[in-house]
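Below are two complexes that have chain A in common, paired first with chain B and then with chain C.
Entry: the complex of A and B
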C-alpha cells in the first residue's frame, strides 16, 4: 500500500461514515421486507428481508439494533441495522403486532394479538420476564417516560390496560372508544392519548387519575365519516402539535395538543397507518398501506412534499439518525 | 426596424385597451375558469386523492389537477376571442386600415399574435392569483417558470385562432367555431381528466386526446408550474404553433390565401 493510498483511506473512511444521512425504516407487511428511505434524498436506498408479516419496528437507544415484530413468524427479530443481518430472535409469544421499548433500553413490552396477553421480554437475557392477561386483541403499546407505567390497548375489549412495570400487574382498566389501536404518553407523561379506529376519536386521559380529560373528533371535508379511522399518531418536539393518521380517509390530522382542536388535514396515500419523524422533526413520513407508499410531510408548512413507493402494505415506521 | 416595433407596441396597446375597456370581457375571462375551479371541481373534489402522475410528486385533489387545464382554457378562449376581433375588424373596415401599413402583412399578423399572447398571460396570472387566494398554492418557482410555457401556449393557440379567422367570412359563423373547435379541443384533452382516466373508458378517446395539440399545451403548462420541462409537450406545442401560423399566413396572403375568395 502506498503512502498516498494510506492517506486516502484514512481520510475517506471517516468521511463516508459522516456522510451517512438519517433513514426511515418502514416495515412492509405483505412483502416481508423493510424499505429504508434516505431522509435527505427521499429515495429508497435498501430493501431488507425480514420474517413473515413485519409490523411493529423500533430501534434500541443507541440505534445499534432494530427490533421487528415478525407477526406471522411469532417472533421479535433483532437486526443489525448496518448489515441487515438478523442477529437473533426473541421469544415474543404468539402473533406479536406492536411493541414498545422500555426507557431502560432493555425490556420490550409486546402485544400478542391472538393470545390476549402482553409479553414482557428481557432483550439481554432473551427471556420472557412476564406475561400479563389483557383484553381481547391487544395492539397499542406505550410506556410512560419515567418507565413506571406500560399501556396496552385491546381492540375488541375497547380498553386501555394500565400495567405497573415494577409488579408487571394491571392496576387499572379504562374504557375507550371502539377499537383502540395506538397509545402514546404526552406532556412529560401527564397525559395518555389513545386512538380509537372505529370510534373515530382520540381520547386523552389524565395519567394521575386515569380519567378521561378530553376527546378529539375528526371530520374530513368530502370524506364519509366511516372512513375517518384514527390509528397511529406522533407529537412534535415541543409536544404542542400532534399528527394523527386517519386510515382510509387518506388524511393526516394536525391537532393542537393543548386545546385538542384539529387545525388542519393533510392529504396522503391510501389507508395511512403509522408515521415517523426525521431527526430534526422537520419532516414526517407516513406509511400508506393500500397504496404501498410513504408520504413525506413538511411539518412546518403542513403540506405533503413527496410520496415514495415502498413495498406492499407498509405498516410501521422508525427513524435512524 | 424601429417602425416594426412601433407597430408592435401600437397593436399591443390597442388590444390591451380593447380588453380593458370591454369590462365584461375581462370579467368573463376570469369568471369562466373560476366557475370551473370553484363549482365544477368542487363536485369532483376527489377528497381521497388522485393517483400520482408526473409532474405531481404526491396525491392531489381534483382542484389542484384542474388548474393548468384552466390556464390552457383561458389562453384557448382568448386566442379565439382575438380571432373574433380580427373578423370584427375585417367587417368594420379597420383591418383594411391596418393592412395599408407599409409593413409586411406577416409582421402585422405576428404583432396581433403577440398582443393576444400578452393579454392571455396577464389573464392567466390574474386567475392564478385568485386561485391562490382560494387556497390553491403552487411552488413559487412555478409562477416564474410557467411564463415561457404561457408564451408558447399563447402563440400556438393564438395562431390557431388566426388560421381559423382566415376561414371565417362573417361574425355569425364564429359560433360554429366555438362548438366545433373550442369545446372538442377542451374536452378531448388532459385539461379536465388525466389521460389514463380516458384510457379506462375508451382507448380511442385516449388516442384522440393524446394527439390533440391542446393536451400538449396543457401538459407544458402543468409541468412548468411544478418547475419541470416536458420536452414532448414542448415539441408538439411548438410544431402545432408553426403549422397553425403557416396556415394563418397562407390564409391571409391575398395572392393565394383563402381571403382571396372572400372578397
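Entry: the complex of A and C
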C-alpha cells in the first residue's frame, strides 16, 4: 500500500461512515437548540439553534426536511437537516406544541396549546388549510396509517378528538383520564393508544367504534403512584411491544402490546418525556427533561446502556437514518 | 387574525357529543365583601375580582369540555356587602343551584353550611384557611379548596427540617389572621420536631418604608440567635421590610422571604405556564392563591360532572370524595379531596417573589397513602366527625 492510499484510507473512510451514520435529533425546550446524537458513537455531534422553545420535531418522509415546533416563536420551522439552515417558517397558529405529518407527506396537523385549536398546514403551499376547535391545551397528535383519521388529545378537557381528514371536522370525542399527553395508532391502525399523565394510565381504543377496549396501569416499585405519569410512547417494528415514558417516576415501562401487560420497567433520567428508536430499532433514546440528558436503552436486553448530556429540558426526539 | 379568518371558514363545526343527554350545571359564587386591611405599602393593589376571576377561568375550562358532552355550565356571581346578609343571599342562590362556591369568613361559611336549605347542597370554601373548619367545625356539605393554615405552615417546617434549621424565632402581627397563622406555625414546628425559641408581636407603628433599616434590627436583636426567622403577617403589612434588616444575618420565611403559597405567578412547571397564560389573557393580571382556590372549586365540579354525567349535588359529592376523583391542578400530582374533612389535598409551592424554591411535600416526607397528607390535618389528627 502506498503512502497516498494509506492517507486516503484513514481520512475518507471515517468521513464516509460519518455521513451514513444515523442520528437522533433532540429538541431542547429551554435552550432553543437541537442536539444531534450519532447513533453509532452515542455522542452529540452537532448543536443547532432553533426558534424559541422547540418541542415537537419530525422529519419529512424522505428526510430532506425537518419540521420543528418553535412554540414561543408561534411557528413551525422547516430546516435543512444537512446544513441546519432554516429554509422557511410555516404558519402554525399560536404556540404549536406537538404535531404529526400526514402519510401524504404534505399536511401537518398541529396542536396549538394556548388556543384550543388544531391547525392543519399544507407544507407545499405553506398555507393553513383548516383550524379545528378542540379542547383546552391540545397536545397529543396522531394520524392513522391510512391517513383518514387524525387525533388531537386535549390536556385540560381530557379528551381524544377524532378528526376526519377528508372534511377536517370532528366526528367523535372520547373521554380519557386526566391530562392526556400522547396518542399513537397501533395494530395497523385498528387501535388508538392515548397516555394520561395525571390519570397515570394508557387507554386503548378500538378505532372502528371509538370505544375503549383496554386500559394499562403502571406500578413502579418504590415510586408513589402520583409520580407515575405516562407521557410519550413508541412501538417496536412488529408492534408487539410498547415503550412508555413514565415522567417523574424516571422509568420507561415495557408493555406487551397484545396482552396490555407491563413486562418491565427501565430506569432512565429524570422526568422522561418522549423517545425515538434507532433505524434498526435496536436502541431507544429517551429525552429526560429535568436531568437534561438522553438515556440510550438496549431494546433487546431492556437495559439502559448510556446517558448522553444534551441541552436544557430535552423534549422531542426524532430519528434520521 | 389567522384564527378569526379560519373560524369563519369552519363555523360549521358541530362537535359530536360523547354522551347524549344534555344537562345544565348552574354554579353560584357568593362573595361577602371584606374591606382590605390597611397596609404600609401600596405596592400590591388588591384586585376587585380576586377569587371570582379564577372561578370565571374554570368556567371557560368547563364550558370547553362541556360543549363536547352537552354539559352547559353557568356561573352566577353574587356579591354581599360587608354588613349584608350572606345567609339570605345563599338561601336565594340555593333555589337555582345546589353547587355554591363560598368566598367569606369561616364563621359565615359555617353558618351557610348549617342552613336547612343547604343540607343537600355541595359547598366549596375557597377563602377561609381556618383550622376549625377542617376539624371540630367541619361540615359534611362543605369542601375546602383553599389550603388550611396548617398545610402552609407544614410546608415551611418541612423545609426548615430538611435544612436542619432547628432553632426558630418568630415575629407576628397583632391581627387575628396573623395570630392564627402564627399558631399554625407553632403547631407545625412541634409536629416536625422544631422549636420556636423566641417570638414577639410586631407593634411598631412607624412608617417602615422609611424606618425599616433602623427599627427592624433593634426589634429582632431581642430574639437572640436562631437559624430561621418566621414572620406571620397575613395582610402582608410589615413582613416585606424584615428580610436583610434583621440583627443576625438569617433567612426569613412565612409571610416574607420563603413563602408557602397556594399559587403564585412564579409557578410554571407541570403545565402551570399554560394556566398562568390563560389567566393573564382573560384577566390582565397575575393569578393569585384565592383565584386558584376558586378555580379548583369550579374545576372540581366540572371534572365530577364530566365523569359522572350528572349535575346532582349528592352524586357529585360522592364522586369527588371517592378514590376515582382526580383533578389535574397544574401542581405535578393529581389532586383529590380528603375523605375525613373535605380538604383538597395539594402540594404547596415555597416561593420567593421571583422563583419556586421547592414544592412541599418535600422528598423524604413519606406517608402510607399520599405524601400530600404530610401537609395539614391527617386522618388520625382531625377532630372532624361530620364525614364519618
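Assume the second predicted complex is superposed on the first by the 303 of 321 C-alpha atoms of A that agree within 3 Å, B and C clash if a C-alpha of one lies under 4 Å from a C-alpha of the other, contacts with A are read in each partner's own complex, and residues count from 1 in each chain.
The criterion applied here is as follows: a residue touches a chain if its C-beta (ideal position, glycine included) is under 8 Å from a C-beta of that chain, and two chains touch if they have at least 3 such contacts.
These numbers come from a predicted model, not from an experiment.
Participant: Using the overlay on chain A, decide if chain B and chain C clash or can fit next to each other.
Facilitator: Overlaying the two complexes on chain A (C-alpha atoms) leaves chain C and chain B fitting together cleanly.
Participant: Between chain B and chain C, which makes contact with more of the residues in chain A?
Facilitator: Higher number of touched chain A residues: C.
Participant: Considering only the touch criterion stated at the top, classify A:155 as touching first (chain B), second (chain C), both, or neither.
Facilitator: A:155 sits against chain C, while chain B stays out of touch.
Participant: Return first, second, both or neither, reflecting whether A:269 touches chain B, chain C, both chains, or no partner chain.
Facilitator: first
Participant: With both complexes superposed on chain A, which partner does A:114 reach: first (chain B), second (chain C), both or neither?
Facilitator: In the superposed model, A:114 contacts chain C only, not chain B.
Participant: From the overlay on chain A, compute the angle at chain A's CA centre subtended by chain B and chain C, rounding to the nearest 10 degrees.
Facilitator: In the superposed model, the angle at chain A is 80 degrees.
Participant: Please provide the least distance in Å between a C-alpha atom of chain B and a C-alpha atom of chain C in the combined superposition.
Facilitator: Comparing every C-alpha of chain B with every C-alpha of chain C, the smallest gap is 11 Å.
Participant: Check chain A for residues that touch chain B in one structure and chain C in the other, and list them.
Facilitator: 227
Participant: Once bound in the complex, which stretches of chain C touch chain A?
Facilitator: Per the stated touch rule, the residues are 2-3, 6-7, 9-10, 12-18, 61, 64-65, 68-69, 271, 274, 277-278, 303, 306-307, 326-328, 332-334, 370-372.
Participant: So in the complex, which bits of chain B are touching chain A?
Facilitator: 45, 47-49, 52, 57-61
Participant: Going by the contact rule set out above, which residues of chain A touch chain B in the complex?
Facilitator: Against chain B, chain A makes touches at 220-223, 227, 249-250, 267-270, 295-296, 304-307.
Participant: So in the complex, the part of chain A that touches chain C is made up of which residues?
Facilitator: For chain A paired with chain C, touching residues are 91, 93-94, 113-117, 128, 130-133, 135-137, 154-159, 161, 168-175, 177-179, 197-200, 224, 226-227, 248.
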